[in-house]
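There are two complexes below, and they share chain A, which is joined by chain B in the first and by chain C in the second.
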Partner chain A sequence: MPPRRKDASENGLARGTFLLLLAPALILLFLSLYPFLSGLYTSLTDQKLYAAGGTRFVGFANFVRLAGTPLFWTALGNTLSYTALVVAIQLPLGLAFALLLDVPGRLQSFFRSVLVLPLLIPPVVAGLMWKTMMQPQQGVLNYLLSFLGIDPQPWLANPATAMISVVLIDTWLFTPLAAIILLAGLQSISVELTEAARVDGASPWQIVRRIKLPLLGPYVLLVALFRVSDALKSLEIIYATTRGGPLNATRTLHVMAYEEAYRWSNLGRAMAIVFVLWALCYAISGTLLALWQRQEARRYAR
Partner chain B sequence: MPADLSLRALRGHALLALGYVAFAFFVLFPIVWIFLMSLKSFGDIIAYPPRFLFTPTLENYVEVLFGGEAERAAGEIPDLLRFLMNSVIISGGAVLVSIVLAVPAAYALARRRTGGARNIQFTFLSFRFAPELSIILPLYVIYTRTGLYDTYAGMILVHQLITLPLSVLILASFFRDIPHEIEEAARVDGANVLRILVSIVVPIARPGIASAMIIAFIFSWNNLIFGLVLAGGATRPVTMGILQSMTFDQIKWGLMAASAMVSALPGMVAAILFQRQITRGLTLGAVK
Partner chain C sequence: MQLKAGAPRPNLIAGGLFAAALAASTALAPLPAAAETNWRAAEGSTINLLLISHPFVDSLKPLLPEFTEKTGIKVTFEELAEQPGFEKLLADLSSKTGSYDVFMTSPLNNWQYATGGWLEPLDDYIADPKLTAADYDLADFIPGVLASGRWTLEPLKGVGEGKLWALPINFESYQLAYRPSLMKKLGLEVPKTYAELLAMADKLKTDGPNGPVNGIITRFDHYWDLPYLTFGTMLQSYGVEMLDADGKLQICSPASIQATEDFITLIKKASPPDAGAFTWDQAMQGFASGQYIMSFNEANLFAPVYEDPKQSSISDDVGYAPTPLGPDGKRAAAAWIWSLSMNSAAKNKTAAWLFLEWVTSKDVSVKTALAGNMNPVRKSVWDDPKVTALMESWGETPGQYVAAAKTEAEVAALRFPPHPELTRMLDRWAEAIQQSYFGQGDVKTNLCAAQDDIQAMIAP
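Here is the complex of A and B:
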């Protein structure tokens, strides 16, 4: 086969046309740079949300103060443990679901449509749904667990179990997204490859372990990227269930920032918290994205 | 076939069936349970052990949709119909604005394969990483000064942060799947880019556009935090309305369940009608 000529159609649109088509969407999105930068400035002031006027520039005072606030460190710890738990639970569970739904069968398409359902429910509503199911005395969850011989749990009401409870709600809601991405990965693996291994006498389990899992690398990273970046800034489930309580057990940075702004009207301090969180999000998500890009590049180079 | 092999196959099938049951239970139980709760009378709801069999009633739905004016004014029952209307206007408007801007942008990204195009695509992706409050808290100050606070226009504008990147990413992957040889002929005949886009690409990519619109609509509909900060009494979306009237009052589980069902309705209907497009769109939007 002769090498394909790199003509205009191969490289696609001309530069001018490209920018012209892209401009309206980019301009609209980059409008958000203004509030972003003004927020950055606000984090250096003592601005109040409701009181008008009298804003002073205070330099890094908000950040310094934050470092000396024990609750900030608690919230940072909560944010990180929420994120770690979310990934540690949802990645293997999503993988199990994906492997299950990858098995060809008659019911498969039904189960795949079931998979999408939680993603279509607003997180706040999911939080409220689970809150009623997690009621210590009357909730159906404790009732169901009693059949397995598990004692009633206080779930959201107890500081010791509150964090794992909100993570469970998150798990119900977003494991399907992990499964959908991993399922796409499994289906990108060529049938010839697994077929050849099967003919050579490999068991299904061996095929999964030796062939499928190694090829799933970029998709696993993608799941980590999406779940980590959403978990770091999660607010809606927590807001619908515990509002950061009991005893700050579920107070993440995003929840803390919201309360600082709306409960205490300290906009400057709230923005300082938000930008610490922002830096955290970009550092972690950026690292995962870079790792993913490198894997993708290697795959295309092959 | 040797006996031990068929036994192993049987065990494999049993394991698989068990997996399916566990999976379906995990995903469906909460939804089914809240649906049942929405059909229960107060007595059935607070009964313990929980009742799986009961006489269904629609009283929760009637109350939550058309209930007493006094409780509504006091914020004890959500003004659900109004909140729903607000959500339809905001999410619908946001999707329409997004799709008009996203179609050309996604086409541009799909048809130009330089490093620049890849970087811009990642810029769209990176809008997912930022904590929402970093933009909407400052936006609250700006909106109150400019009069955009608690207006549909303001809400539609801010929802672009969700709907626009999502639409661009999903559409770009759909457009990439269209072989560009189809467009070549038209180009040779002298059609310009806009013409090719409108009369060739868009008709071919109609399922893709539909799926981008549905997914963007659902993500916008599901959002709470924009409404929490930027909407007041006039534009309060359904997620915020439900939260506001339900969280402090533990006892109104029936009303909560009925509102939950109603608020999840667009997603559920979309799931039934467009199951395949949603799965495909979510996959492409996430993976490519």
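Here is the complex of A and C:
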């Protein structure tokens, strides 16, 4: 029989100790809440970096103005399509890698270490590296494609291909993360279950479809959660390669906010964009998190 | 053509904004020094610089120990690329932490920094004989270039008047650079007008030893330098200024539409498909690596890079010509000025001033020019025999670079109105040009939409 759970007083946790432990929690809360609230306040002002002392409270004017700015809607569309593409490509690809790596064999550990290599590279560096490789004239990518008879592509320099090129870089960088999480999920599936299925005559494909994939559900949602919240906020790769261009093909909300703050010194307007991004991030990842928790609950209820 | 001693000095930056400033800046030359200048007034201190990657910085680095030896002031510096450098500088200046005592900047940036109160005015330091040597000679600076550092803080006027916020270190104007061998091979003459250039755009294409050689390269990204500097020079030669004499925007005037259409035709015909994303750095590297027949209206101070066999594969095959003439046979050109300013939150202002004074002095200016920092901002440096000999060697024929630079300097001016939000306005203008290039709407609609937006930025 397991020991009965003790409550705080039985645990000998005196009131003083409790308060002492509460203090760091409050400090942490303050440290995260203060910047948030001060940012929120800034988004309601016309603060400009260079206009010393001249900041006025403008209410929701920055948000109203944003809604009337065509570029904002372009950036919102870009943010959403970037995120959708990233998840739609990286999830199946990560799953495929995970399934391949789950097959026991001598090369398994080698491929596992090769797979994580991109994760060790900072996104800005990866962006610059790919920018060099994607150069239409001297880039190695077009050179390699020329052997397949494919004409040189202006990867990052054409509004039509810029977005997909940036997603490609993101995919190279972050698919390993998806694969690793999914691999952990696959390896948590008990061997008895798959062995029993095999003995019963199930084909490898049936085992994957009927046993592994359904059990992998929570992990798939976890990957989606990570990648969605990261992709919505993605800045480094885009800024290192296209800076939101050409034209506005890759201008996401984060890039727009960055330029507003650091090129044009408009902190108030930049903060308003950041808050729209925050709300978006909160809503989408909140939904995913709820789905994930429901799945987890179902898993343990089983 | 050689700049001979005694010959009339090239009025290197003339034009609207500079003409009026000439008298003012010469009147402000320092009085004869009564006291001895104390170069060791800040001995033992350290100053921190923010430098933007540029040939000037390469020429400065080896000289820094000389400064420390002369003054006992230690110099540390950070060197960043233009974009991240200005972003970091903005963060530091606006927070008034004073991490950087002295930094590289430009009139365009300073219109914002001075408005924020982040710049230390330099007039008092120059007037103080204990801090400024008698032979510093403010009158030796090219008047227009020096005047670009003065501003009264009034939006849209007052450049060349008011306080001195910066000391220039070099200036650039624009020119054509070309490959004489390839032009000969194609049977083409260097174009004298934009009409001639447009007419030959289709023919500007050939094969080189390392694959196809493209026609022209020029920067063409969606940032302010496009309508301000390079394409700006073409716009101005077509008679387009951002604001006319009555203060009305000219962005969608018929001349502006014509110039923009011609520019886009030119790029479409003679540049590779990725031309819509070239920065100045890529334009410089692209031409130096031998992939282009012509560098169109790019900075003339790239010449030391083109001429250096270590950085360029075309060092023995490059010529220079002035920018083409506009439809009315007129030439106008923009100017860009790199300068140094002092942070008003600098921790050691005396040391910072001594550095500024030293680095812009006659001696040091000659040394940096010889190490590739073009174009000099002091008249005496243009006359220095070693500097003259160096520049004389550049081009298809001796003296070609100097002649082209001089022709441009006669018309070059800092043309845009001072305003803390100017870069935002010009970014918007550049966006309209790019929209037209990428086929999103016609030139007139795009330029007029940009003009409306910019009008709203001027008078919100």
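Just so it is clear, the second predicted complex is superposed on the first by the 273 of 302 C-alpha atoms of A that agree within 3 Å, B and C clash if a C-alpha of one lies under 4 Å from a C-alpha of the other, contacts with A are read in each partner's own complex, and residues count from 1 in each chain.
Quick note on the criterion: a residue touches a chain if its C-beta (ideal position, glycine included) is under 8 Å from a C-beta of that chain, and two chains touch if they have at least 3 such contacts.
Since this is a predicted model, take the numbers as computed values, not measurements.
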Touched partner set for A:285, first chain B, second chain C, both or neither: first
If touched residues of chain A are counted for chain B and for chain C, the larger one: B
Partner chain(s) touched by A:242 [first = chain B, second = chain C, both, neither]: second
Touched partner set for A:49, first chain B, second chain C, both or neither: both
First (chain B), second (chain C), both or neither touched by A:73: neither
Chain B versus chain C as contact partner of A:24, first or second or both or neither: first
Partner chain(s) touched by A:177 [first = chain B, second = chain C, both, neither]: first
Contacts of A:60 with chain B and chain C, given as first, second, both or neither: neither
Chain A positions touched by chain B in one structure and by chain C in the second: 49, 135, 137-138, 243
In the complex, chain B residues that touch chain A: 12, 16, 19-20, 23-24, 26-28, 30-31, 33-34, 37, 46, 48-50, 101-102, 104-105, 107-114, 117, 120, 122, 124-142, 160-161, 164-165, 168, 180, 184, 187, 193, 197, 218, 221-225, 228, 238-240, 242-243, 246-247, 250, 253, 256-257, 259-260, 263-264, 267-268, 270-271, 275, 278-279, 282-283, 286-287
Residue ranges of chain C in contact with chain A within the complex: 83, 87, 90-91, 94, 112-113, 115-118, 221-222, 272-277, 286, 289, 291, 420-421, 423-424, 427, 431, 434-435, 438, 440
For the chain A and chain B complex, residues of the former touching the latter: 9, 11-13, 17-19, 21-22, 24-26, 28-29, 32, 34-36, 38-39, 42, 47, 49, 96-97, 100-101, 103, 105, 107, 111-126, 128-130, 132-133, 135, 137-138, 140, 143, 172, 176-177, 180-181, 183-185, 204, 219, 222, 226, 229-230, 232-233, 235-236, 239-240, 243, 254, 257-258, 261, 267, 270-271, 274-275, 277-278, 281-282, 285-286, 289
In the complex, chain A residues that touch chain C: 49-52, 135-138, 154, 156-159, 242-243, 245-248, 262-265
